[in-house]
């Protein structure tokens, strides 16, 4: 079973059961961002969470295959566009275009030469209530990796 | 005075005075991310902050020109690469490639059809201490904009 | 049901019934531009309009699925070319190439640093009668969003 | 004198005189969009308007050259990016990505096979006051050109 | 019936009947270039010519559908490559690369600022006999459209 | 002297003398398209025509160098964009996108497998008077080259 | 029968009969390069050679269709990548990158302004024995086409 | 001295002395293709040939620098376009597009899995006289490199 | 049987038998990197190893076909992206971006003008134990190929 | 002083002193790869090594500036091409194209989901003597970073 087939089965079962990502993440016992990314084929779930997700979705005789597929290391971002045209996703390109050099200046000033890891990394999405209109709050947190010198 | 000349003068003065971005932001009385982005020609400072930054940097007879240039609406991201090859900046493209669809699913589940604004938006960079190696914490916060229906 | 399947069903039913977009929009009780964009999978209809469109088209046992699909937040512009080669659509790229900087200068002169929203936005297409040949009149109207300063 | 040099001289004189585009357009006696586009090297002014703009800007011994340069047919869009990264300009690409097929459907339904001319064309930018935040209103109007059949 | 299906049916019938494009154009009573472009899904035939082409090709129970499809405004150039690698087609890109600026200079010298329309336009292909080897003669003729000034 | 310098000198002299391309071509005794393309660095003039053009333009002590430069085989299309954004030039890309396959079908039907040469080739631009608005008529004529079989 | 189907049938029959390209070319009575290029859908065989190839391959009831398909003028290079990543094919891009300007200088020095035809052209591949390791010898031979002057 | 400056000096001296590439290659005592490629900064001359070329060109006080520069390993193809628009050079891309897979099939049939080296490689350009028009003959010869198996 | 079908069969059998690449390579009696690359369709196995791999995987009546397919020279890198977005693979692009010029300087200093062969080449992947976290060690070893001089 | 100016000064001094990279690395007391990459503006030297390099090169009154510039975190890979056309550098792209998926399979089999770091990373270049021709041996070693799960 490919990751693509896995994702299609998960989305179909989610739709059929009218389950939310919040429900599925709760079943997995892990964060929503990580569980969704795994269901979309971008991350690998640990065995226990994979079993819980597959069981929760009620996939019949495909349950075991989905459970295994959820645990495999994926080839990531295979379907991602170089620059997405979807307005929601494009805004993250725009933020990088406008603030990329600023972020670079400030990380180097604070930490020296190195980067924020995108591997030893987590991401959180929250609603921030605001009388002028609620806001989306996204927190990215990655280990600082200093450049090796040898 | 173009934004490019302005940025060169600011960087040269910053170097000559051994000033940090923290110093310059403190002089401006605004957040470091916003002040740095303005100094790099990606945002427009309000008049008061522009005057403070220009004065702080000690730019001699160019002070007034820089003060004005800092307030003009910039043509943003003129120098940005479509996909940056700098490892620190590239990681933000990678995060969008790997987590873009996940973020989209979760914002729509929580808010419905719409986007996180990148204009009514702020961004914060912090050090998160961690015994296994300190972490970079980046918080993005933008107003949720629902799609108009008419 | 994916948005793509939904669009195919809508177009087939429209063809079979010889319905115009004007008919479908009238059935929906919303503007033609918005209804067409939703039928093409680029916007999400409110529940009531979705029900009316699906009912109007007479889709048999697919009616309910199309009704639901019309309400889901779409991944927009998935099929759009970076630069379309269709002459009608290309002209909008050309207008942006020729008049983009002009529009930018004039919006900034009038409103300061910020943008016209493409989300809190509407668009109208009209025939303007003219003895030398009728004209197409397109009106775009979006909320001015000033850049946040923090 | 190239169009590029012409534009630089115009912008420098505009800045030195603290003139607005509204002032310059008034001096020219033509619409602001057309005059700005000509000053940015994207259109050719008629002789009379060119003379008025050059005179108004007070360009000393370059006045005549600018007056001539403003009248020449330009090589248009030479500096335009295939897809601009500036957020204000990008939104027009986004509108085309999201609404391009919708516009095509509706123009064909109303007019048959053909296009909206981008040559026999005008464009207007207005402020639309709104208690929830003023809006930018852009009106494009171009002759409908039916495809020739032979 | 999509334009793609229509084209496939036309080509299959043309092959089965061993008809030439000259035959089909004669049946349509219009020029070969226009009729071929319509059969390839790049233009829309008037009703009468569409009926004649469909009848001539002998398409059985698909005749009516093809007749209708031939009349619809197409999404043009969907399959065209940005730069074709086919040698015959590439030569037209090469001619534009080598002679594009020359054509621009001479049209502007003769007509002023404006373009040759590619919509109010016709194209003719002829054999020119020549003892050193026959030549292909292509004549393009489009209305001159002067840039609007407003 | 590079071709670029040559072109700049020619254009400056043309401007200073208020000479038209028609004047320069007449002086050269060759067609306007060929002479302009040579002046723009896209073709090589025969010695006699090169001498006449250089003499006609009155280039002082650069006359000889321009005369030589006009005769050198150029690296063609160095400055040409892959797809030009200038509306006049773009239309030729559009014509190729819309009519390329049609032209291919008809040349093969008439001549067999082969191409129209863009080397053993000439091009003519004419005004065609028309009460509904004059038309630009472009005639391309190139030797048919059959594919070698060996 | 499309050229693609033709190529698939030829390759399958070649595999089934364990025939080499040398065998097929010998049956055709033409050079291996030309015959292979025709079998891959890049050239058109003369009728006699097409009949011999189709007969030799033993294609059963598809023989006639393949025989016809082999004679049609192909749309060439439809499947070719702009720059191939296959190491064997890439080396020809590399040779053009490294030696392209050199070849241009030497052809112009020897022949004047013009090109080597890729249409009136043949190509040969040979093994050159060499004690330090055999070498591949490729000979390209095309008619010199001088640029037309008019 | 960069390779670029070296090439400019060589071309200027070649022009001033009216020397041909044949003259310069004869002075170097090596093949014209290799010497020209080295003069254009694409290969490194052995010391003796570099000294002869520099001396032959009569470069005054830059002689020694050019002699050294001619011997340095170049960064090759820095100025080469991904796909050249110059007609002479483009034909080599076209040949690769049309015949690339054919060459691959025949080299593998003759030699097995591997490539023709573009490093242990030479290239020759000759005039082939022909009553129907002389031909350009290009011979490429590179060591066959079999893929390592380990 | 295409290389793609071969790879699918191998991966399915590997999955069904829960075999590791280490198992398959051991069966082949060759290095893991080479055997995996052949199973993924990027290299050709010698006959003996191909037979062992096919037999080991237990492919039933497809065994012989897979055995043959494993030995054919592949069209390499057909599926590879120009720049992969998968984080593991991207890092090798990043290493080339950051260290490419450095590697070039040092190979030329040590060996003169030439390259490291990617054909007469082998690659090894090892785990390097390390108390601060194990490391991936990749060794590439290719014959130095000096540029031919002729 | 920008990194670019720094690199130019270092290369000029290296040339003037006829110093090798081995000499400069020895002076720095660090590995040649790291020191060269820092001199080329791709890494930041520690203070002590920067002082030694600057002193060794004998840069006169620019010594201090170069010493500082060598320590700054660079914007990496600014000048790198997306895919280099230089044959030596291109081979690393080719290796990634041909072996990228193989490396991915084997790292995941050995380590699970994660990547080889290109930051906590070192690289070594060695000559491997071989009677059939010496070989270039490149060793890359980076920390394995497992994907975070949260």
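Per-chain residue numbering starts at 1, and chain names A, B, C, D, E, F, G, H, I and J are given in the order in which the chains are listed.
Everything that follows uses one rule, which is that a residue touches a chain if its C-beta (ideal position, glycine included) is under 8 Å from a C-beta of that chain, and two chains touch if they have at least 3 such contacts.
Chain by chain, the UniProt names read as follows: A, B, C, D, E, F, G, H, I, J = Cyanate hydratase.
What you see is a predicted model; the values in this text were computed from it and never measured.
> If you line up contacts by residue number, which pair in B-J, C-F or I-J shares over half of them with D-F? Let me know.
B-J
> Could you please state the distance in Å, as a whole number, between where the Cα atoms of chain H (Cyanate hydratase) are centred and where those of chain I (Cyanate hydratase) are centred?
A distance of 32 Å separates the two centres.
> Distance between chain H (Cyanate hydratase) and chain J (Cyanate hydratase) based on Cα centroids, please, to the nearest Å.
Result: the chain centres lie 30 Å from each other.
> Which integer distance in Å separates the CA centroid of chain E (Cyanate hydratase) from that of chain F (Cyanate hydratase)?
Taking the average C-alpha coordinate of chain E (Cyanate hydratase) and of chain F (Cyanate hydratase), the gap between them is 24 Å.
> Do you know which chain H (Cyanate hydratase) residues sit against two or more other chains?
In chain H (Cyanate hydratase), residues 33, 43, 75-77, 80, 82-83, 85-87, 94, 97-98, 101, 104, 108, 114-115, 117-119, 121, 145 touch at least two other chains, as defined above.
> By the touch definition up top, name every chain pair that qualifies.
Chains touch in the following pairs: A-B, A-C, A-D, A-I, A-J, B-C, B-D, B-I, B-J, C-D, C-E, C-F, D-E, D-F, E-F, E-G, E-H, F-G, F-H, G-H, G-I, G-J, H-I, H-J, I-J.
> How about chain J (Cyanate hydratase): which of its residues touch chain G (Cyanate hydratase) in the complex?
For chain J (Cyanate hydratase) paired with chain G (Cyanate hydratase), touching residues are 83, 85, 87, 90, 94, 97-98.
> In their shared complex, at which residues does chain C (Cyanate hydratase) touch chain E (Cyanate hydratase)?
Residues 85-87 of chain C (Cyanate hydratase) touch chain E (Cyanate hydratase) in their complex.
> Chain D (Cyanate hydratase) touches which residues of chain B (Cyanate hydratase) in the complex?
75-78, 80, 82, 118-119
> Which bits of chain G (Cyanate hydratase) are touching chain H (Cyanate hydratase) when the two form their complex?
Chain G (Cyanate hydratase) reaches chain H (Cyanate hydratase) through residues 20-22, 32-33, 36-37, 40, 42-43, 76-77, 80, 82-84, 86-89, 91-111, 114-118, 121, 123, 125, 127-128, 130, 132-145.
> Provide the residue numbers of chain G (Cyanate hydratase) that touch chain F (Cyanate hydratase) in the complex, in ascending order.
30-31, 33-34, 43-46, 73-75, 101, 104, 108, 112-115, 117, 119-122, 145-150
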